[in-house]
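The structures considered in this document are given below.
Below are two complexes that have chain A in common, paired first with chain B and then with chain C.
Take a look at the complex of A and B:
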């Protein structure tokens, strides 16, 4: 009974939050609602006794990914409404509706057929974190290592792209040295003149 | 089942009431300790030794006018302080405060929810606390607030990395994420405390903790001289008070975490029973917060980032590497 109440409560909350995300015109509302929806999703993991995944859901999606979105959004005016330019609203509605229906059918089919079973059941007397670790380092070792390599490549690329003249202070640099600042400076000057 | 639910609700109410009251009392302690260290008197007029100052401040906060600026994003502006206070108290759900004790023939476990990954839960909910300052700053429609929010994001995200990496080394030694297991690992007296085997991890954890709580050497979020009051510039009355309660509740959480992970938790210490031992340790950590505030000046934002990414994170990684090698041998 307890689980059912919690499941329906969090299900309704999650759907409401994601509905706000897609329907609102204010980016601040949609960002807050997305963050809240991510937290409500973690409740399902807790209900399924997968505490580790639930906590990871909170810390990765809400704590890190959404915070980076928020940091990016600080460069926009978050109080103004966004004007969306949809050419053909009917096509968008039909296409997204069809895709959603297809996804529900695909993911719901094994439940209707009642032939869903764990190919790798969790070993007894093993905690959540240990079970995840065992699976990661046995069955999914190669995807895990490949993902690690890709993250490393992405990190190096990010450092190279962003790290030009990182050891110099932008305020102490003279104009010719810093191309980025230079361009900004000229643009501002032009705007002032016009 | 219903007994369990009632017990949980009672625990939640007790934790909420005790720690909100304590948060108020710590402000009194803070002012007194700071005054003592700076050769002042501190609050003196309201009640004996200014003890009722807390009450006066509370009445002031509750009766102040609640102002929402006209350019602010109203719902988000109003919900931001609630996030700040709520996450601080939700994080306490997985902390075992005291050893088990019997009350009227019923064994009480002073932890609201004993989940398997308690430590991770506390850290991650603490990380969500970042949304308080973040949304406050973005919805206020004020440039100082926005600057404060940007600093909040940068500072908290960066130091989460350090605190996560720092805590990894002791976890590798213990092999469990449950705070009760971590506590039981150190049951053999003072020389079993993890601070002796993991001193570097302890220092990193406490420095990162100070930064995440925006306590004084790192309180760039609401640095008066630079960004007026940071994210809290536009807040007044009880909404500001909720930020305040959240910060002090987080302080208590960090004090309990440090005591549990590194200083033996609620195990008996010589002749001192466990419940009193952990209280003494928590009091010491709270005093340390105030002491640091009196002793250190603010640092600049670029110094903070330098400290985080170029000093603390490499040390944390080396610490993990050495711990890994030692554990493997």
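Take a look at the complex of A and C:
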């Protein structure tokens, strides 16, 4: 009973929040609705006895990802409404909705008929966090290390992309501008040496 | 009683919402928000199947998806800031520099 009430409540809340995300014109509204939706989704993880994942969902998504977006907002003009020139809004809405439905059906149909069997049974006599740790550090050790490496690469990429050196693009500018850039670079280098 | 099908239907609904967002919006930031919705919808499906089949793999997969999403956001936000500095807008219509 309790499970059903919680499921329908959080299901309705999540769907409402995500509908706001895809339909609103204000970036700030969209971002706050997304953060709320993420927190509501963690409720499903708690309902499904995946407490560790629920906590990770709150910490990583609402703590890290949404905070990163909020910092990104400092660079964008977030008070202005998003202008999107869609020529025929109703046709776009109907077509994209139908395409999305078809996509889900196509991707979901093979799984409905498939015979799923547990390949990694849940360890007995353990809490969820302990079981996650045991499985993560035995069967999934190498993917775990690769994920760590991937996060490092993403961190370096983020730092370099947001840095000042990337302000000039060599591929998008014309020749005179790139010559000016080159001269400035040499001048700066000379000043550094002297 | 909530069964596996309830969770899978919810996951499918959220996936539909996310893919409608990906196809309909023309702002790059909104596209990334919709991608987050897609990843979260799939996560619910994985964890639900893992629970009802007594399998830990579902939770592990959801865990790695969260890691991928976090690193995706770090790189994507760097690229978006770069693009906004250059063109002053995040509209998809400005992404037309390759004129054949």
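Annotations for the structure displayed:
The definition used in the following text is that the second predicted complex is superposed on the first by the 119 of 194 C-alpha atoms of A that agree within 3 Å, B and C clash if a C-alpha of one lies under 4 Å from a C-alpha of the other, contacts with A are read in each partner's own complex, and residues count from 1 in each chain.
The rule we apply is simple: a residue touches a chain if its C-beta (ideal position, glycine included) is under 8 Å from a C-beta of that chain, and two chains touch if they have at least 3 such contacts.
Keep in mind the model is a prediction, meaning the values are calculated, not measured.
Contact with neither chain B nor chain C is seen for A:88 once the two complexes are overlaid on the shared chain.
Within the superposed three-chain model, A:7 lies in touch with chain C and out of touch with chain B [touch as defined at top]. Once chain A of one complex is fitted onto chain A of the other, the partner contacts of A:55 are limited to chain B, with no touch recorded for chain C. Shared-chain residue A:129: touches chain B; no touch with chain C.
In the superposed three-chain model, the partner touching more residues of chain A is C, compared with the other of chain B and chain C.
Looking at the shared chain after the overlay, A:64 reaches both chain B and chain C. Within the superposed three-chain model, A:138 lies out of touch with both chain B and chain C [touch as defined at top].
Look at A:151: by the touch rule set out above, it reaches chain C but stays clear of chain B. In the superposition on chain A, A:30 makes contact with chain C only, while chain B stays out of contact range. Residue overlap on chain A between the chain B contacts of one complex and the chain C contacts of the other covers 52, 56, 64, 68, 169. Across the interface of their complex, chain A is touched by residues 1-2, 6-8, 10, 12-21, 23-27, 29-30, 33-34, 36-37, 40, 43-44, 47-51, 53-57, 59-60, 62-64, 66-75, 77-82, 84-86, 90-91, 93, 97 of chain C. For chain A in complex with chain C, the touching residues are 3-4, 7, 11, 14-15, 18-19, 21-22, 27, 30-31, 34, 37-38, 41, 44-45, 47-50, 52-53, 56-57, 60-61, 64-65, 68-69, 72, 75-76, 82-86, 92-93, 95-97, 99-101, 103-104, 108, 116-123, 131-132, 135-136, 139-140, 143, 147, 150-151, 153-155, 157-162, 166-167, 169, 172. Those residues of chain A that touch chain B in the complex are listed here as 2, 26, 28-29, 32, 35, 39, 46, 51-52, 55-56, 58-59, 62-64, 67-68, 70-71, 73-74, 78-79, 127-129, 169. Within the complex formed with chain A, the chain B residues making contact are 1, 5, 71, 73, 75-76, 79, 115-117, 120-121, 123-125, 127-128, 130-131, 134-135, 138-139, 141, 146, 149-150, 153-154, 156-157, 160, 176-178, 302.
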